[in-house]
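The same subunit A turns up in both complexes below, where it pairs with subunit B and then with subunit C.
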Partner chain A sequence: MTVRIATMGMAGCSGCHIALLDIGVKLLDILKDVELVYSYPLVDTKNPIPPNIDVALIEGSIRTEHDKEMAEAMRKQAKFVIAFGACSAHGGVNGLANVFGGKQGVEYVYTKTILMAQKLVPSEHVPQILTNDLRLSDVVKVDFVIPGCPPNPDEIASILTALLSGETPTLSSKSICDECPLERLTEAPAKLRRIHEIPEPDKCLLSQGFLCMGPATRAGCNAECPRRGMPCTGCRGPSETVWDQGVAMLDALAAMEEDEISDFKLPRLAGTFARYTYASSKLDNLRKGVQKE
Partner chain B sequence: MSKAKSKPKPKQALGTPKAAFEPRIVSFCCHYCSYGAADLAGTSKMAYPTNVEIIRVPCSGRVDPLHVLRAFEEGADGVMVTGCLKDQCHFVTGNIHAEKRMQKLAKQLDAIGLGGRLIFELMSAGMANKWVETASTFYEQILALGPNPLKHHKKEVKSD
Partner chain C sequence: MTTEEPRIGVFVCKCGTNIAKVVDVPAVSEYAKDLPNVAYAGWQLFTCSEEGQNIIKDHIKKHKLNRVIVASCSPKLHEPTFRRTVMEAGINPFYFEMANIREQVSWAHMKQKEEYNEATQKAKDLVRAAVFRASQLESIGSTTQEVPPVCMVIGAGIAGITASTLLADEGYEVHLVERSPALGGKAAQLGFVFMTDTCGVCVPPRHGEMARKCLSKRVLRHDPKIHVHTLTEVKQFSGYIGNFQAKLHTQPRGVDIDTCTLCGKCIDVCPVKVPHELDLGLGNRRAIYLPYPQAVPRSPVVDFKHCTRCGKCAEVCPVGAIHLDEAPKDTDITVGTVIVSTGFDVFQPIGLYAYGENPNVILQLALARLLDPLGPTDGQLLRVSDKNPPKHVGMIQCVGSRDPEYYSHCSRICCQVAIKHAVYIKEHWPDTDVTIFYKDIRLQGKQYERYYLKAQQLGVNFHRAEITEVKETTKQGLTLAVEHHNGAKETVDVDLLVLSAAMTPAEGAKELAHTLNMEVDLKGFFREYHLKLAPVDTTTDGIYLAGACSSPRDIAEASFMGAAAASHAAIPMSKGEVKVDLAKSIVDETLCIGCANCYTVCPYSAINMEGGVAKVVEVACKGCGICVVECPAEAIQLRHYRDKQIYSQIEGLLANVGAAKK
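Coming up: the complex of A and B.
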């Protein structure tokens, strides 16, 4: 029996599709049982979405009316919808646009920035832009989430293989720190450091003062970044026990001696602690509620 | 327990005329100091607004910024976080950590349009006066600010 798979791209960079190809040789094994019925890099997207799709992988966040419509159309045809990648799962980097306040932000970009010659928000011949960046689950029911920016190819492979063999795929419920091989130090960071101040190897980056999002981020990527001396940016979204990645990190680092986080304004806080999850964070939920008034 | 039994209070404690807007204020009180202060205020029959709803926590350091955000999401008009005096925390540094957290959170709340709705105060278990003063001034402050703008949209906000 072949499984009918479709992929779709919304507001994103198609990096997740590249990650899908990046599975490598294992992809051939997966493709044996799979019929790819719809994929936006391969087909003319004006074609209607074929019926009876078993698994749909949807990449990117919902930014325009068109995205919303396509997501709803895909949901109607697909039995199992996967939010594929950080944008689709949590709002992604696109979601940081919400920091500048929905409608105001959109108007600013189209009317105040120097590159826009016409100085008006486009309304004809293009799909209407939504005031806020939304994740996929804000629009349609999502059955499973593959987080990551981009998702880890090994993880995609294992999830697809599990799905093809009829099992329910699972994500790790631990945090990045559980997978990280660096030595944990007990003391809190004395002061914040930037990444160009080269970290000591083999020691916890957060204890050295580099803002590593490991403690609040879901494991499953084998801590690839901290392992190589690059602080985690939190692309895999909040871990199982964390409700809100940004606020959890703010909470954790609040007790630092040298108090630089106090100077963080909202854009910096969101960009540092909730880079991939701001659009679905509690702070942004509150802002959306306040601005509706 | 004794608190629950001695609960009945006059509905308008301060004798103010009933306003059209009755704020709901959530107050996180630490078990060792500010809850004691509130308790003392009750047993000494001091009057403070009944709008203050107390949630007892082991230490003010227990209050996660997320608890505060959740309270606003559920429609609270104001949130008070109260703890022990400096250097008197039962858990040594809980109140200091709580203060830093709440300062940082208050700054972000200003940015999203909920400024002035979160306060942090320190008091000992004997400072019933300060509790009454804090609760009353915060009540006035929230009355002036008006209702939480999220209240009408509560159902539309996803609670994840």
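Coming up: the complex of A and C.
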């Protein structure tokens, strides 16, 4: 029996679809049992969406009225909806626009930036932008989340294979540090450092003062960045027990780096501690609360 | 956590009229009946009374309750009471929950009568929050920690020695750690002390004893249970009550205490002369020297900083007690309790009143050395500059004390010291004038006033005045510009000026506090658990304070504080164990990433890193929750305040928000 799969793209960069292709030769094994019924990189896609879809992979966050409508339409046809990648799962980098709000953001992009010669906010033949960037689960029920920016191809493959064989896929409940080979030092960093200050190899980046989001981030990527000397930016979102990724990391540092982080203001705070999760972060809820008042 | 269905009993208290005046108590109780899992709700006049507690017990039996909520006062007041009540009825004490509807409701909204309804509503909200939380509570047990009968006392001044001897008398083993070569602390420098005119460490004869004796000597002579570690500092420290591990670092003395006969030959042949720190630079000593004539332990010590290692002392020593190649050594000890009695230092008023410029401006401590019959001048009062007797001694009080710029505290002993010295001078050299310039004379203590009157009768001049300026300063004397309290201005000539400088925390106290993981206040004094009710306890169980390390104190206070600390330290040691409930942090080791954040921030050293994961030492943990907050992987939870327990409480608190608006 073939499984009917659909893929869809919202506000995103198509990077998750590239990651899907990055599965490589193994993709052929998966595609044996699959009928790809709807996929925008392959064929021109429009509403109506074909019926009886078994699994839908939805990339990107919900940024416009059109995104919202398409997500709802897909939900109606699909039995199992997967939020595919960081934008869809947690709001992604797009979510950082929420620091300023939708309207203000659009105005800025179309009238203040150099590339926009006409200095006009488009109003005709374009879908209405939403006030806030939303993750997929804010709009429709989501059955499973594949995190990451982009998701790890091996992980996508194992999840799809599990689904095709009728099993329930799982994600690691631990944090990046659990997979990270770097040596942990049992002392707190003296001060925060930035990446151009070149970390010592083979030693925990956070212990050396580089802001690595590993502790609060869900494992499953094999700690690819930190093991190569790049601090984790937290693209896989919070781990199982973590209430809020950015807040957890901020708490961890607030306990020891008072002078260092007291200068952080909200935009920098959001971009550093909630780069991929701001739209679903408690920090954003606070700001929304302030706006309402 | 048990799987049994929660059956909650809610007991709302009127607290006489304290709560009932503002809150409609029966309405709150009626409201509670309809909340989820509530099996019984009722109200009493005084729930904390014997009768009220019996009612709780009866209803526990009658309604098979397994959770109990009392809506009354602050948990600080009666949580222990009701925990005991439910325990007596066979329920785990951590299944008890309190809603504070007195301090947070009736007292807060007492003034406006029309708030009656709103206050009642708030009381209902708090009860509802408690009910939601109660369903999530878990049963928590307790554990015991053995406490060995060994105490470490840090600092061998009056307080430390007093505590040590008392503990030894009670049968406990004591490690007395002192960083200087001899015992006695500041009191050993003083010669004679206020009021009794005796030596600082002198103990009067007690019942059945014939003669006075020396507190320091007693430590060595009478108590095989006291291990004295001189020239020693605490280098590393870890652990918790019953199991403190200390690494003591001992500097070499160069002389074997046991074989030395104190013949003094080594001192005579030593070619090196350096200023004696005991005499604050007024006298000299050799590189091998006796710290002070009555020093305990009674043996010379080699000052390896200045010693040239010429070896002459070792040559002349008839018993071969001198070892110039002695190395520092480390000793590891395990103790059940710790007493900190590190004493004080004296503020150095450099730049004030020509101190540091004019040699005739000295501190009270230096004057004590001059007046000490065994001091650098053999007890003669002489000007430092030319060794002539002074004609007019001036004393300035509160130098650095009660001064927001330096130390805002009253240093407690300066008035006594100045008067003691003034009386001594007047008694021995009646022709010498003594003038004390003071802000206030503060003499509170048994018989202190008598000494003050004596000073007045002997003709000591007391001027309530401020020294606005030192007008002239020469080797012969100083001219002071004085502004009296009544506004009158004059100039006064003195030829020896003595400054009563503030008491400060002992040098190195902050570093020691860091090593022991203890709190200090802004000025660096050790912080007590409670100023009035627990002045010798600290936030760390098993560590106690004695003497001037926590605040300026005089000898009498240091003495009875030493006794108090000994008595407190003896409590867990005499019981042999402490009981600790387990409402403490707990680590999920599968989630712990070993970042050591919790280990770093724990104020009680209650977390160890073992095998790459954090382990909570439940005996040492105080349940403050700092580790819970900072854990980036959220692998730590605090029992009794788990996330789900707090969230359900918040959920309960907010459950009615929409309804209230309608």
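Everything below uses one rule, namely that the second predicted complex is superposed on the first by the 265 of 293 C-alpha atoms of A that agree within 3 Å, B and C clash if a C-alpha of one lies under 4 Å from a C-alpha of the other, contacts with A are read in each partner's own complex, and residues count from 1 in each chain.
Following the convention adopted for this analysis, a residue touches a chain if its C-beta (ideal position, glycine included) is under 8 Å from a C-beta of that chain, and two chains touch if they have at least 3 such contacts.
Since the model is a prediction, treat every value here as computed from it, not as a measurement.
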Which superposed partner A:248 touches (first subunit B, second subunit C, both, neither): both
First, second, both or neither for A:215, with subunit B first and subunit C second: second
Partner chain(s) touched by A:138 [first = subunit B, second = subunit C, both, neither]: first
Touching partner for A:280 - first (subunit B), second (subunit C), both, neither: first
Subunit A positions touched by subunit B in one structure and by subunit C in the second: 243, 248, 251, 254-255
Complex contacts: residues of subunit B adjacent to subunit A: 64-66, 69-70, 72-73, 93, 96-97, 100-101, 103-105, 107-108, 111-114, 149-150, 152-154, 156-158, 160
Of all residues in subunit A, those that touch subunit B in their complex: 138, 243-244, 247-248, 250-251, 254-255, 259, 261-262, 264-266, 269, 280, 282-293
Partner subunit C, residues of subunit A touching it in the complex: 173-175, 177-178, 184-188, 204, 206-207, 214-216, 239, 241-243, 248-249, 251-252, 254-256
Residues of subunit C that touch subunit A when the two form their complex: 588, 590-591, 593-597, 599-601, 609, 612, 626, 629-635, 643
